[in-house]
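These notes open a run of structures that come right after.
In what comes next, subunit A is part of two complexes: it sits with subunit B in the first one and with subunit C in the second one.
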Partner chain A sequence: MTTIAEPRSRATRKTSRTNAEMIGWIFMRASGVLLIVLIFGHLITNLITDGGVHAIDFGFVAGKWAQPIWQVWDLLMLWLAMVHGTNGVRTIINDYAERAGTRLVLKSLLYLAAVVIVVLGTLVIFTFNPCPPGAPADLLPSFCTA
Partner chain B sequence: MWSWVAHRVTGVAIFFFLLVHVLDTALVRVSPQAYNEVIGTYKNPVMGLGEAGLVAAIVFHALNGLRIILVDFWAKGPKYQRVMLWVVVGLWVLLMAGFLPVQLVHTFGSH
Partner chain C sequence: MTATQEAPQQLGEVPSFEVHLKIRRYLPPETDGAAPYGAPAPQAEAYWQDFTVRVHGTDRVLDALHKVKWEQDGTLTFRRSCAHGVCGSDAMRINGRNRLACKTLLKDLDPSKPITIEPIKGLQVIKDLVVDMEPFFASYREVMPFLVTAGNAPTRERLQSPEQRARYDDTTKCILCACCTSSCPVFWNDGQYFGPAAIVNAHRFIFDSRDSAAAQRLEILNDKEGVWRCRTTFNCTDACPRGIEVTKAIAEVKRAMITRAY
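Right after this comes the complex of A and B.
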């Protein structure tokens, strides 16, 4: 038989020393402000200046990542955007997936995808070789042949 | 209410683009040819319009996100939330009016 709490009894709620949901709430706002700067900068250099997306090729990426500022920029953008986006989608799953099993499956897939993308992206930025041996010289940035 | 729905819809759309975008950029580790081939697909007109939609979603999400922060932290934020929504819409129109001609020239212009 289902037991129903006494009327006006205190609502019981699990409390913990650290409030993860509040940290998440603050993170969404702090990272959001940083992401506006990072993503608008990214869009201006990659979609607006110097021919926009038509100017992007391997040489363009290599030229950018030859400068440490763009390595840091892209790394920070990757991590902040992925954590911000993953936390946002987690909230949406919690809101709309009504069965506990569905939530577990969807969130497991979400976290798996997030870890794979963050690890892959980080490795790409740190292990990138702008002048891979054997590649046609006309596809490489000009500093490879210098 | 609708700004809240739009914030969620644009957020999810941007998130899925981000997953794909990291994967396509990761091809720089495979070979210059592989990367150039895939980034080449971003340069056709259909993708050009898709990029315009993506930027529209990002700009809305960014501006409305700032509005949410002001509602939460600025004492008068809740009072002016409706006015701020119109400011968001106005700035969005302004920024898109600046971006769209540039994007359309890049997409359909002769290079």
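Right after this comes the complex of A and C.
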């Protein structure tokens, strides 16, 4: 005589009862919309207006980062793009890496790279010196007085 | 006097033609004694086998499979029950797309080329075209696919307006054939994702005005393997033999979660 096996539930799935994935999903959409504005604003001011791409040199960048608005603009762009991109790659790793070990290694590398870039970028934006002493004056922005 | 009586009593002959089937075969190796159900089976090599059958223009893929099984190779194994697109037993990958063999006409598949028939992906093959559906049904059970009510039962029917019924009408059509879930690339990866079918069946009760466990179901699907793993590739909508707008249903569940949280 055979008995019908009891209904099984999958024991392997670990449940996560947080809103983390939902917040991530909403963030991707919100940051995506914001990044469109930020990136196109960046591209237009850098490549089209004021002499276009040929005007970009140390002086141009230094002049931009001397203004708080561009500091905030670039900082926002850096953080949003990095978190957006990192979260995107994280989901790709989740979707494509099959073994837990592969996932762990790839995600560790990803998070490490993201942290390094965000910290380094933030540091550059805030500690940038537009008028390094001893530099030739023709390469510096106009407001530098030697 | 009807038109049929006036017309000549000559029925158009149904055209018949040969089709070439390329079927994915898998024979599990012999084991000593029966392995418990669900235990990992020892693996053998799967291979393609070609069959040529003569079929009518009105025949479906299932008829061709029957012809093979009944006339050429009785060992060919596949599931089918009602054979009319209602029971959801004969989901298989036909020419690379998940379809019901009983709803796919051979004449629509370009019979000049071989027709490939494989088991649905992402679930373990038991034999030939038969897969282990247990993980699929486990996800289905997890979303509580039954009416949950609060308070005393009414003395008569639980009334619902046509508008309230229409809200979830699309997702009532699901026959649990697994075409959608086994067409989902996210499900193919590690099989942890709840899958479109489970979400569709949760949707059917979440938006039912008589049900009172929507919050619980949304909580279950808010899991990291729940609706947020959906990448909206629309494979599920394309695969559904019942024409359910699966991706839309998943999006509606997502929206319900966001409006619940904020």
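The rule is short, and it goes like this: the second predicted complex is superposed on the first by the 127 of 146 C-alpha atoms of A that agree within 3 Å, B and C clash if a C-alpha of one lies under 4 Å from a C-alpha of the other, contacts with A are read in each partner's own complex, and residues count from 1 in each chain.
By our rule, a residue touches a chain if its C-beta (ideal position, glycine included) is under 8 Å from a C-beta of that chain, and two chains touch if they have at least 3 such contacts.
Here the structure is a predicted model, which means the values were calculated and not measured.
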| item | value |
| --- | --- |
| Residues of subunit A touched, compared between subunit B and subunit C (which is higher) | B |
| Which superposed partner A:Val72 touches (first subunit B, second subunit C, both, neither) | neither |
| Touching partner for A:Asn19 - first (subunit B), second (subunit C), both, neither | second |
| Partner chain in contact with A:Thr127 - subunit B first, subunit C second, else both or neither | first |
| Subunit B versus subunit C as contact partner of A:Val53, first or second or both or neither | first |
| Partner chain(s) touched by A:Val119 [first = subunit B, second = subunit C, both, neither] | neither |
| Touching partner for A:Leu104 - first (subunit B), second (subunit C), both, neither | neither |
| Touched partner set for A:Ile39, first subunit B, second subunit C, both or neither | first |
| In the complex, subunit A residues that touch subunit B | 29, 32-33, 35-36, 39-40, 43, 47-48, 51-54, 56-59, 61-62, 78, 81-82, 85-86, 88-89, 92, 113, 117, 120-121, 123-124, 127-128, 132, 135-136, 139-140 |
| Residues of subunit C touching subunit A in the complex | 37-38, 134-135, 138-139, 141-142, 185-186, 189-190, 192, 219, 222-226, 228-229, 231, 254, 257-258, 261 |
| Residues of subunit A that touch subunit C when the two form their complex | 5, 7-10, 12-13, 15-17, 19-22, 24-26, 91, 94-96, 98 |
| Residues of subunit B defined as touching subunit A within the complex | 8, 11-12, 14-15, 18-19, 22-23, 25-26, 28-29, 31-33, 35-36, 39, 42-43, 48, 51, 55, 58, 62, 65-66, 68-69, 72-73, 99, 102-103, 106, 111 |
